[in-house]
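The structure follows.
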Amino acid sequence: MTTMLSARGLMKSFGAVTAADDVNIEVPSGQRVSLIGSNGAGKTTFVNMVTGYLKPDAGTIALDGREITGLGPRRITRLGVARSFQIPQLALDMTALDNMLVAAACNDGELSFWKPARSPGRRARAMALLERFDLAAHAQRKVSELPGGVRKLLDIAMALTGQPKLLLLDEPTSGVSVEEKFPMMDTIAGALAAEKVTVLFVEHDMEIVTRYADRVIAFYSGRVIADDPPDAVLADEQVQRYVTGSLRQGA
Amino acid sequence: MLNIESVNVTIQSVQALRGFSLAVERGSMVGLVGRNGAGKTTLLRTIMGHLTPIAGRVSWDGVDLATVPRHARAAMGVGYMPEDRGLVPELTVEENILVPVWVSKTLDERERLARVYEVLPELREMRERRALLLSGGQQKLVALARALAVGTRLLLLDEPFEGVAPALSQRLSEVVFGLRGKDLTVVIAQSELNHAASMLDREVVIERGANAKEKAA
Amino acid sequence: MLALTILIDGIVYASWLFIVALGLTLVFGVLKILNIAHGSFYAVGAYAAASFVGWFATLGLAPELSPVAMLLAAVAVAALLAPLTERGLLRVFYGRDEVLLVLVTYALFLILEDVTKLVWGPTPYYVSEPYMLFGNVEFGTLSYVGYDFMLIIVAVLCGLAVWWGLNRTRIGKIVLAVIHSDEIASSMGVNVSRIYTFAFMFGIFLAALAGALTAPMVSVQPGLSVGVIIVSFAVVIIGGLGSIEGAAIGALIVGLARALAVHTWPAAELFSIYIAMAIVLVFRPEGLFQRVQARKI
Amino acid sequence: QETFRIGVVSFLSGQAAESFGIPAVNGAKLLVEAFNNGAAPAPYDKKGFGGMTVEAIYVDEAGGATKQVQELKNLYDRENVDVVVGYVSSGDCLAVAPVAEEMKRFLILYDCGTPRIFEERDYEYVFRTAAHATMDNVALGRYLKAKNVKVDSINYINQDYAWGHDSLKDFQLTMEQLYPNAKTGQDLRPKFGAGQYGTEISALLQKPASITHSSLWGGDLQALMLQSAPRGLMKRSQVVLSAGDHVLPGLGDKMPDGVILGARGAYGLMSPDTPLNRWWFSEYEKKYNVYPVQAPYRMAQALLGLKLVAEKAIAANGGKKPSPEQLAAALKGFEWESPAGKIQMVNGKGHQAIQPTAIGRTQYNKEKKRVDIVDIVRFPAECVNPPADMKAEDWIKAGFKGAKC
Amino acid sequence: MDNPILKTALAGGAAIVALLAAGFVMPKWLLFLSTMAISHGLVSMGIVLLMRSGVVSFGQGFVFAAGGYAAALLANHTGITDAVVLVLGGGLAAALLAAPFSPLLSRYRGIFFAMLTLAISMVLYGILVKSEAMGGSDGFNVSRPTLFGNEISSEGANLALYSVAVVLVGLLATVARVYSDSVRGMVSLAIRENELRIEYLGASVSGAIAVNFVFAAFLGGVGGALTVLALGHIEPNFSYWTTSGEFVFVAILSGHHSMLAVFLASFVVEVVRSFSNLYFPNTWQLAMGLFLLVVIRFLPRGLGSLWIDRQVARRAEQEARA
């Protein structure tokens, strides 16, 4: 099995705050990894470094054997990395469908100067994805009118329009109501299973973590404090103390 | 008590609340649950005066809130924690907490600060950090503290546990429920109430902007 | 000697510019409005000063009191026009697109242009008495007017006052909260509309003050407003929108660039401001002091 | 009864309104009223234009050449005016002249200064009833020579646009002829409407020259005077202004004594003592509480000429309203008396006027509370204007060939 | 008939024919006013295209002047007299002149983009004012062009230039419409809303803005050249900030949803200005200001929102049925 993502010795600090402190992570392709950690532990920072939003102060990141440290988001995306955001990043004044069409158009490569954006083929693809996320009813509504949870779903759906090798989801379920959480994760898992996409997802909900992750990496204060299958990580004493809180409660 | 009588609210031609009613007894804690887009945020923003109902009435303590300007709610002891935290990025954590105290005519700065640090001691360490540097969860903590600083009588918390790591989320609910019995009325809007549910007096379900069946806690 | 002259000339020009730009940057900082009509308030300030100084003279007050008259003129303009514009006009458009608000202030500029003409007529006003009040300062072969140095002091005082007010006082921090989000600020109990009115009023006061201070050096007549708009915009952009320190440094850069051009290469004066602005922006795309942004992702 | 419609275009807003546009329009209003009442002195005493009531429409010149062309077309096509009298800005003149020509409509340029208009091409329907700006600076140079002013070096301060550039060039060329040894010191080019001249004044003081030449006007000139007098510029250098008369009534005692200035014609306080001028001067002063400076004078000479020409053409047309061709034919090569002396349409194939001018020196008159102009030297039109067959610049360079002084 | 490009082209063609026909019945002054409105509208249309990608140029006077001067110099010095060639030459020259700036400008957003473009236009203004060979600030005159080898008579000039403007601008507006409906056009629109997302979808934001800037420059140049030919005169004021300001003003008045609205806005502004100038010569600015406020107050999303909103609703309905 090849290594999809390999981060070595990543360091990142913001002034006095250390958000990544010698982070080493290897992810084999096809694996589903959950990143957990206390708030401010550096999960989003890690995702941001992998996707090129932030440059690490030190360390290297390689994707599928190719070094990508220091490349910008656009280049990295073109290499097959997609992500969703903790706070959805959408075109607020456009409809949900148009957002999907934009995503589809961008993924089609070169932007045509004259081919109509709303071509039937692209539309069908976009609608299919919307349907899969149970968003079809919202297709014609402006994003600014959509509630937070729906935006979250749309944000993830947009990340999925391309066929990424590596998908990073930053708190996919936060803000999504219970009724929709599991179906949504099932949808994502279903969509990806066939294509053997490697997934990293940041998550605070341990139920989701145990159900969907092959492996869990726990962060605390910029460091990786545990990196094992879910059961092992959740049983870890440090993880229980700093992340899940189960230790204190039990004590 | 907080009394919401069949309010209708529309936002840009979307009807977000349809004749929604809710009465919250003084000193009780109510959970407002509903799916995404049910109208939870809309309800809280309506109470805060950021949206104006086209029909219905909202009153707090017998005062019709339509008659008070939106900034006067804080002076009536109402604390609000918005869904997106809404911290002032340039200000430090402590200043963020204190802004509502500064504009208040009655609150004592030292007393409120001591009180907040007492219930949320982890804030002490980051008091000097600028709010914009904090991670999402940390910001939630500060937003809660700010609501607590001014919300002496009514707390409106919009998704306080969202995006918060389990350890912290437990802390937050402990803090909130630790306030019980102090004549404090609390409304928590959340799509799920898992561990918090057991501590609430009542859970109100909102569905597509209207009241749905109610279950007693 | 030449260097020193350039320095003095640059600073004198910069202090005038700074007072204008300070008001502009303040209004932008708080209300998020890039106020094209700022120049009109400057012109109204100059007219008001002319009227007030003349009025003081008819009351038989000593000419030494004319600075008081000028100050009162600026206060009067701010107290009368600012609430009227802010409450009567701008408020209607809050929350709209920034560019749209620029257009609103452009309309205001057009309106004020004719209104000043209707009120004060086309004939120029002269109030040069205050210009001589502070005597002359000899400087080698050069003779400066004391008034110019007084202008520097006023500029420094205004700058310090606003900077102190915004950064070191609670009011300032409350204003920061409003700047960030009026919804959140009002949830916290801040009377947002009052803050807006006051901030706008203060910005207009500064514009009017700059106009009043300029009145003795020029003839007050139609067309005064246009000249200051672009150059004060340039200052504010160089400094970073909404930044007080930025406006100060921006004014110095523009003032010195201009003085350097006039003394060493007069033909380039016309370009000096724009070149200075372009150079700064190429290296600092958001101006020298950019406003801190909240994390987006 | 038929009316004769005149479109009057001048600045009603912006920087040139106060100094040029509004005084000129005021002058126009006064004259139109006097014409319609038959109140002007002979030979302008017939009611209206040969019996036709004169009706004037006033349009703002502010807003650039595009707008002016558009408004000109509107005036002719929509408002059906018989003639347009207007334009202070040379750019506007250059833009509108070919348009009127193409529309075959009668156009009188009354104020703008650039010599280019009739030097670059010939017109049939377009006229300028005032001398172009070359006269101003040539007269200024001749005055210095006549008064034996010693000139070793010259500092310049002129606005950075065509008017400033042209004035600078004319004066420089003139001085090269008259004072071949004078050196150029500072050549400052503040931008139009700068308002603040502290830096420029420092530069002028740092290297004071025998004379300081400036073609600034309006608010800019007033500001320069207000800011430079207290700093002693006038004490270190003889200031000469090519077009400065119009700031005198406003500046009053703030205008330093001893400044040499022109009015772009024998206007205002330098106007000749004739019955016509006495009438005009006092009527204007009575009506507007200030004496007429250059702008109303130039408007007056245009309207007075127009009146005679219109009457001539009406007579030739059997009492009916003349066509643009008839009006043009009547104005071509015409001469008439204006308050500022005789206007002769001799240059530009009879389309460009020449006129006498005068230069003087300021002196504050405490009793009258106004600035007087003393030491006036008058220059006949042929002395300071190029002959019909020569371009202005070439004429100066050729040592004012054929000038009759 | 289902091909949307064809549909747009047909609509564009119909508009051109209708406007040409209208030209024959218009009074002369209106003909000229319309020519100006159309050619100025084209410049504003460039701004609208930029607005669609989230930036507003306050320096469109730069390309307006570039196109105008290019056409004028070509006409006066190279012997080229054909109106269409001159106009396209102007557009090309403006695009060429703007192209080197586009990579730099595409790094900027909001007011900084606006001010930097303004600085560029003002530097050009300064250079033009100082160029005595081209008449400095007074500018110079341009002789009447020919059309396809034919002289244009002075009586027919208004109509001829109006027709040239209608046809060229009509074609360009159609192209712009097709472009803004295209993949790239829609991505541009999304950039305006959230450029971070666009980068994360793998498309180049600065690339898109740079392309739009050059396209807008071409349109601006064509607008400038048309103006110069109709006016017969050019001067540095073409590049002055107030000129640019008016273009922005028309663009905002029209809103960024409709190409047709730009021309309507441009026309309305010209008419209002022309009449208020005549009827209130002393207070026309006041009249303009009030007019502006009223429009902004009641049509905040521009004139285009008058019909675009309905169109969007119709589309939503269609989708719902589908």
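Here the chain labels run A, B, C, D and E in written order, and each chain numbers its own residues starting at 1.
As a working rule, a contact is a pair of C-beta atoms (placed from the backbone, for glycine too) under 8 Å apart; a residue touches a chain by one contact, two chains touch by 3 or more.
Chains and their UniProt names: A = ABC transporter ATP-binding protein; B = ATP-binding cassette domain-containing protein; C, E = Branched-chain amino acid ABC transporter permease.
As the structure is a computational prediction, the values presented were derived from the model and not from experiment.
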| item | value |
| --- | --- |
| Those chains which touch chain E and also touch chain D | C |
| Reaching chain D from chain A through chains that touch each other, fewest steps | 2 |
| Rounded Å distance between chain C and chain E, as computed from the means of their C-alpha atoms | 33 |
| Mean-CA-position distance for chain E and chain B (Å) | 50 |
| Separation of chain A from chain E, taking each centre as the mean of its C-alpha atoms, in whole Å | 43 |
| Centroid distance [mean C-alpha coordinates] between chain C and chain B, Å | 41 |
| Multi-partner residues of chain D (at least 2 other chains) | 13, 160 |
| Residue list for chain C, restricted to those that touch at least two other chains | 113-114, 117, 267, 270, 296-297 |
| In chain E, residues with contacts to at least two other chains | 126, 129-130, 196, 282, 284-285 |
| Chain C - residues contacting chain D, complex | 2, 5, 8-10, 12-13, 16, 113-114, 117, 122-124, 126, 128, 131-132, 136, 141-145, 148, 214, 216-219, 221-224, 226-228, 258-259, 262-263, 266-267, 269-270 |
| Sites on chain A touched by chain B in the complex | 14-15, 17, 36-41, 44, 86-87, 144-150, 152, 171, 174-180, 204-206, 241-246, 248-249 |
| Chain E residues touching chain D - in the complex, by the definition given at the top | 27-29, 32-33, 36, 126, 129-130, 132, 135-141, 144, 154, 157, 227, 231-233, 235, 237, 240, 242-243, 270, 273-274, 277-278, 281-282, 284-285 |
| Touching residues (chain side chain B, partner chain A) in the complex | 11-12, 14, 34-38, 41, 83-84, 129, 133-138, 140-141, 159, 162-171, 191-192 |
| Chain B residues touching chain C - in the complex, by the definition given at the top | 48-50, 69-75, 80, 82, 86-91, 95, 99-100, 102-104, 130, 132-133, 146, 150 |
